[in-house]
Amino acid sequence: MDHDLTLLPEILVSVFLVIGGLFGLVGSIGFLRLRDTMQRLHAPTKATTLGVGGVLIGSMLYFVMVEGRVSFHELLITLFLFLTAPITANFIAKTHMQAKLQEKDLPPSGGKYGWAVYDAPPGEENDPGR
Amino acid sequence: MELVVATSIGGLTAAGIYLILRLRAFPVILGVTLLSYATNVFVFASGRLAVGLPPVLTDDATAYTDPLPQALVLTAIVISFGMTAVLVLIALGAFLENGNDRVNVEDERAGEGDA
Amino acid sequence: MVSASGLLPVMVLLPFIGALVPGLMIRAGRNACATFTAIPTLLALILLGVMAPDVMNGGTVTARIDWLPGLGLNANFMLDGLGLLFAGMILGVGLLIILYARFYLSGDDPMGQFYTYLLLFQGAMLGISVSDNILLLLVFWELTSLSSFLLIGYWKHLPEGRQGARMALTVTGAGGLAMIAGMLILGNIAGSYDLSVILQHGDEIRASEYYLPALILILLGAFTKSAQFPFHFWLPHAMAAPTPVSAYLHSATMVKAGVFLMARMWPVLAGTEAWFYIVSTVGLITMVLGALIALFKDDLKALLAFSTVSHLGLLTMLLGFGTPMAATVAVFHIINHLTFKATLFMCAGIVDHETHTRDIKRLGGLASLMPITALIAVVAALSMAGIPPLNGFMSKEMMLEEVAHTHWWGGTWPIIIVATVGAMLSVAYCFRFIGHTFFGPVRDDYPHHPHDPPAGMLAAPAFLAVMVVAIGLFPSLIAGPIVDVASAAVTGDTAEHVHLKLWHGVTPALIMSIVATLGGAFLLWLHRPLDRVWLSTPRPEAKAIFERLVAVVERASLRFTEITHNGAISRYLAIFTVATIVLGFAAYSGGGMAPPTRGLLPVPPLVAVGFVLLMVATAAIVTMHRNRFRALMLTSVIGLMVSAGFVYLSAPDLALTQITVDTVTVLLMLVALHFLPKDTPSESPTILKVRDGAIAVAAGAAVALLAYSFLLRDVSTISDYHLANSYKGGGGTNVVNVILVDFRGYDTYGEIIVLGIAGLTLYALMEALLNGPASRTLRNWTFPPDRSQDRHPVMMVVATRVMMPIAVLVGVYIFLRGHNLPGGGFVAGLVMSIALLMQYMASGFGWTQERKRFEYHSMIGWGVVVAGLTGAGAWLAGAPFLTSAFGYFTIPPFEEFELATAMLFDLGVFLTVLGAVMLMLYSLSRLARYAGETVNLEPMDYDPSRRFEAAAEVNDKKDGH
Amino acid sequence: MLSRLFPHPVLSLTLTIVWLALVNKVTLGNLFLGAVFGVTIPVLTAPYWPNRPTLRAPLMALEYVFIVLWDIIVANVVVAAIVLFKRNDAIHSRWVVVPLDLTSAEAITVLAGTVTMTPGTVSTTLAADGSALLVHALHTDDPDEVRDHIKSRYERRLKEIFG
Amino acid sequence: MITYAIVFAFACFGFGLLGTLWRMLAGPTVADRILALDTMVINFIALIILYGIWQGTAIYFEASMLIAMVGFVSTVAFCRFILRGDIIE
Amino acid sequence: MNHWIIAPVVLPALLAPLIAYVMRYDITLQRVASITGAVLLCAIAFGLFMLSADGSVHVYRLGHWPAPFGIVLVLDRLSALLILLTSVLGLIVVIHSAASGWDQRGRHFHALMQFQLMGICGAFLTGDAFNLFVLFEILLIASYALTIHGGGKARLKAGLQYVIMNLAGSSLFLIALGTIYATTGTLNIADLSLKVREIPVEEAGLVRVAAMLLMIVFGVKAALFPVQFWLPGTYAMAPAPVAALFAIMTKVGAYAILRMHTIVFGPDAAPIGSLSQDWLMPAALITIAVGAIGVMGARRLMPLIAFSVLGSTATLMLAISGFSPHTTATALYYLVHSTFAAAAMFLIADLLLSRREGGDLLKAVPATVQNGFIAALFFAGAIAIAGMPPLSGFLGKLLVLDALRFADYAWLVWAVVLAGSLLTIVGFVRAGSVLFWKSTSAELMPPEEETPEEETPPANRIGPALAAPSVASLACLALLTVFAGPVMRHMESTAAQLYDPGDYVAAVLEDQHDTKKLKEEEH
């Protein structure tokens, strides 16, 4: 890091890194202090995603502006995280529902069929493999 | 750093050995997994430790980490993967056939009351 | 003599070669079988006859064939007087026995086997008698044990036969093993295992500090074989064998082997205090004891058996005296004992054969029913009793004469008395044999009406009985020459020529003999009361003791094995670990260490955090491992941290591989855990946990110390070469990858084969499980009722549709860049399988499987073959296996790119990895489907668009009506 | 024929771009290679994506992306504030049922993903027939408002994009 | 300045790692543990990226990308195990 | 460079995937391919044997890289001998498994068998310590598969134990290799030979540890006390033809000790000194005792044979522990004997047990068809493995005893070996008399009504194909006996080569510079 740095990129990179770090920290704090599992689910999936996002942008800027190389790698990772984070959150929520909640704890779906965790989809109600 | 690595190896080994001395197949499998972590790091460490010296040739690099142990560890990782897979499946097979997943061969007489 | 030298090995081999014939040709008939057994024997006898003149003239026929010169074990044969005597006896009596057995054995007995065993035994005995190499002698010695085992156990339906055979083999085998040690010592003192050499080193051997152990060990062999006290007990039980066997084994051959050996070794071993006291005392005790027991045996064969024991004791005693004259007497008595004892056994066999009983108490008066047999038996028995003018008398006289001169345990009187008592007992049982069997009132309660057997059966005993008389009458004419040469061979030419004659005048021996005869008759008169006393006296039953001993050893062995090899792998591993630690330290303590040459790298706080994570997770696994799911998650954490370590310590390739392998491993374990119990019960008692903990900590500390000690020290390694040549010679900048696919491509080749085998193994295992009892377990499998109802959630399915192609692309990318940057075929294969795995998780294995493009077996197959052929392709260029080639190409308008054969090799790796992982998953998912999981027809549980269509349909229907 | 070659044109394009991002170097050769993979991989994986959703309004999609990105940033700040400054018992979490008009699986997925990424809401599960989405809101006093916000801000747009 | 920013970020995510570990061990529900693992992976990716900046090299990029990918797969697998038992039914 | 040197590895490695994939559904084709492969392997092995017989050391540089930087294969007398042994045994076992139908009791038998042969041959050929590990793993994983071939409750559990034990062993192997690399910086055996000897004695602690750890690792394979516990259970439970093939597996351990602890850690290497000898001999002695006691106490036939194999292998290790050219020559002789004897015994036991109704118990059950023939084979096999004349076991035992006469505690050695022989003999005599004599005795003839005819398996007859493998292994023993002299002469020269590592090292390392140049010219 002994390149000749101009101030602006340095500040920019630093800001993103700090933002990333802060959100990461907030996510962890939330994760630690929130009361129940569903609440805890909110903190890290969001905050950490932006936390990492900040770091990724910082990294991209760093390589472009400081090292002088264009780097798209970070975009890819962001793409990955954005694609996967909702799915994992969804799965974890379902896991929690399956393990700790019952259908009566939740509002009704309003339709003919209940929530997918508890109710079989149309046409497969009698499938023994379920 | 050296101390950290050595302690990690030791810790993993100790945990691995403790677990492979258990009586059920599953902890034994876990133990084997931990042991293979330990041995992988051990072999890796035999090339000594280096920070920030990747084993990829670049024009401006002056020093490299020792690539040979890394290659050896890669081979070892793959092999232990195959071995662990086989172990897991044999353990599963033994469980399905025997009805329990004990690793020790029970005394037939003693086993009767337990089933 | 060249021709004779050639004949000698042929003679020994003849019975062995002949042994093949009867077993194979039994279908040709009993006579043919007997004839073809007799032929090799006869031929051997003829050969012996051809060589005999030389020996009789004082020469020695020798033959040397190199067999195992490195050991000094050579097929060296030597025919001297002693050998000639024994060989003649073995073959001559063998011929008679073959004849006798032809008539003795019933049609139900597998005669082919019998003759085969007999010839094997004959060959082995013959080998002993003419071996000129003590190791060769040992070979034949053990062979006699084995073949006699078969002969004794020939009637396998009789438990006594089986037990007798086992006992005989155990005892004589044990003796034989002791003798091996003795002979090896002997050979080492003499510097050669050749008997003729050893015989010349007698003084040296007797002076050696190893003389006594060698003597004891060899005598153990001889005593066990010759049934000397306290090993005499096996012989009577060997009587369960068919009578021809008994006659052969216990008159001329097997039991004489021990005597033969003592005679053989006489020039070397005899003449010392130790020899004298051990051998003569044992002989004397055996003689008296055998005779005593014989007197009270009711079974004819048992009586004869113990008489054999007694006579063997006599022979042993004579050899033990260590004087040339005594040895000569022993040689003479060997001949005499053969003639009368074989006769008696055959007669006993005839009696048994005719009356169907051998119990003296149920016999009597047979003289009138089977006169010829009686005559023969009486002659032989009188000879055994030492009644003139039969041959037994002469040798007994000479024996007593020797006894009278012998100074034993402080005087001559003790031995004179004991020997006389022995002779007296001997006379008594001989008279009993005659009197109670053939004389006395004729009985009519025989199980079978007895009469003289056919001539063929009588021929052999008759011939021998004639010999008994003939030797008695014309000793020097018939037996003189052979006794001379044989005793010369025993004593090493120190014996003076003995003139064999009946009448020596009134000597102390004659007086002893008369006393013995009268006393014997008196004893027989007293037999009835004595028998009662005998029966009421408690005495140790050797057989019972032996069997109990064997049983105890057996039970103790079983117990030991059960305790040590109880199938407790946990304990095996504990022992393994402890042993490794101990031995490691022991090894270390013999060396030291150079002073440290490397400084410590700093530990940044982040590394400390990682370290804490790793250690805490490790500790948590140990404490929480009983919840298996949790333990698996912790394993993932450890894997993550180890990968982090690799990243930090400049090993990106390792990090990539570790993290992907970990994931796949954990997933496999998860799939397996589905069928396994979810919790591990706490089974070990605390003490065991503490013990295991202590072992584990010790092992961990040891490994950590080991690692720490080399981490502080530098060493120059060969990898400088790899760094220098990776680009130049391997065409890649990622040295690790170049090492993997080029420098050490052979390792990688092996590694993919491991994976391929793993895939095949799992497939085969699942097949076996589904065809085995496990399939029932699976069919009865019940899933927990509270499972989540969405098997294939919409969101996951949709996300996978995008994620999977990207993951595949990443796999391709990692594959292509591996040569120059971290990556390579292996990681690519795993990434690809993770991509597929994603699809499996989203839409289910069955659904995905139906749409797969490649077969996993073929992927493994092609992978291994492609890698192999890439390696073999180098042969075309004349280079060794796995020699790589690469080049840089440019196709305008594109930029330059590199093609390397190593990439083709990497492709093989890729295919194998992918195929193996997929085949594993496939095998596992088959279990689930077997357990009742259904294969879904749709990619997701319920496509929401169908809701719309369904609604539309309903509306349509409504509209239509 | 063209549909066989390009079962999912958008995916093909994505893959080509991803390839360029992966190799981190835009050259003619890489572009070509990326295009090759962009064509072949979707063809190979087409069996796993049997239906062919179409983007009706690509520009709206772009607009949607920016809206979501903005919302994410807001979400993070809001959530950070809640996490850091609200007492635990002052956080009122609620379940919110969002009835769905969307029918395309892809569209529903995007909606659910968006909900998860945006302020204080996590989508948890669908109804078994996909007719409703269950959302968990970290802190709200009015579930209906949350529901209306989702429907108007995201579902409406997605309906137009996916048709 | 960047150095300080990186150190700060290191510290944040390092703290995050420890927090997730604690949550993972403490639970209390299985969903918490899986969530902890998922979060740990994400923190971890951030750390690797930071380390890449620190070292000025892009060589660790694949590692973080792969970790993102496998982290996703294993989280889903863990969840599916709890939900259905069979992760690839 | 002679490309045939790698053929014993490449041939099965290419054949196996073809069998596994192309011929997957046709057992006949698999058999033909497998047997053809085994025959070819025999031919190649014989050629290599002749090639190496003149005492030359042939080096095959894989990838054309100079040693010690690339991996080399080294063909010397020892490796050629063991490959020949492996290939002959492989042929015997393959034929037996085809003739007995074992190969149909599960999938992929022949493919796995070929992989197994590949691993074993590779292990014998390699001149690189780490590559030895890789090939060990190949032969181990193939052996795992073969051990559980056919499945079944007890077999799977035994297989599980076998796998666990060997995984622990593999971990230790890696630790040992890591230590070796860390202390010497090289992995090539020839190079190690030089490097180890350069280490000053007072700094040799780590390399001594490595040598010891390696010995323990190999000891696990060779089933030496105190790591022998796994063998009886595994061998007793393994399918018989596999157990027969495993006769060579214990020898791999023995080979590795022979190779590493002569050329690298030999008694002439000052830093190591007599370390190997000091520990190997007592371990071998105890193992012999354990084996003999096991034979004596065994209640089932397969464990009985397994324990006898334990004792037999331990006797071999005892001979190796002499660490002198002469003792090693006897060890080699014994090695060949022990391999064929164990194989013969397992094959014969298979013939017997597959024709008995009573299962694997030393219990009298009704006689079987062709009992006499099996009895004769059993008798011969038992003689061989118990070390009775006239078969090579006796000669081997004499050789070992004679060779060890100058060892410390020679009396103890003799006593243990001889007492062990006695127990073994007694154990086998008991087994044989119960299995063959008692089983045929009249009182055991079962009542007619209890044996419905359809229960007797139709395949009770022992055809020539089924008998041939057992007979062939016994014939090998007979040949070994008759030609003991020439065989022993060859073993002497083989051993001499081992204790004069100069040639080996020179052959591996000499043309280092030429190769490097060549490589550079190519590019």
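Note that the chains take the letters A, B, C, D, E and F in the order they are written out, and that residue 1 is the start of every chain.
Operating definition for what follows: contacts are C-beta pairs under 8 Å (C-beta built on N, C-alpha and C of every residue); 3 or more make two chains touch, one makes a residue touch a chain.
Being a predicted model, the structure only gives us computed values, none of them experimental.
Among the other chains, C has the CA centre that is most remote from the centre of chain A. Chain centre most remote from that of chain E: C (centre = mean of CA atoms).
Chain-level centrality, scored on Cα centres against the all-protein Cα centre, points to F. Chain B and chain D have CA centres that are 40 Å apart. If you average the CA atoms of chain A and of chain C, the two centres end up 67 Å from each other. Chain centres here are Cα averages; for chain C and chain F they lie 15 Å apart.
Averaged C-alpha coordinates put the centre of chain B at 22 Å from the centre of chain E.
The set of chain B residues that touch two or more partner chains comprises 16, 20, 25, 38, 40, 42, 45-48, 52, 54, 56, 68, 72, 75, 79, 82-84, 86, 90-91, 93, 97, 103, 105.
Across the assembly, chain D contributes residues 18, 22, 24, 112-113, 125-126, 128-129, 131 that each touch 2 or more other chains.
Counting partner chains per residue, chain A has residues 22, 27, 29, 41, 49, 71, 73, 76, 79-80, 84, 86-87, 90-91, 93-94, 98, 116-117, 119-122, 129 touching two or more of them. You'll find the chains touch as A-C, A-D, A-E, B-C, B-E, B-F, C-D, C-E, C-F. Note for the complex: chain B touches chain F at residues 16, 20, 25, 28, 32, 35-36, 38-40, 42-43, 45-48, 68-69, 72, 75-76, 79-80, 82-84, 86-87, 90-91, 93-94, 97-98, 103, 105. Those residues of chain B that touch chain E in the complex are listed here as 52, 54, 56. Put simply, chain C touches chain D in their complex at residues 789-790, 793-795, 797-802, 804-806, 808-810, 812-813, 817, 839, 843, 848, 851, 853, 893-895, 897, 939-945, 947-948.
Within the complex, the chain B residues that touch chain C are 1-27, 29-30, 33-34, 37-38, 40-42, 44-58, 64-68, 70-75, 77-79, 81-86, 88-93, 95-97, 99, 101, 103-107.
Partner chain C is touched in their complex by these residues of chain D: 11, 14-15, 18-19, 22-23, 27-29, 32, 37, 41-42, 44-45, 47-50, 100, 102-106, 108-109, 112-113, 125-126, 128-131.
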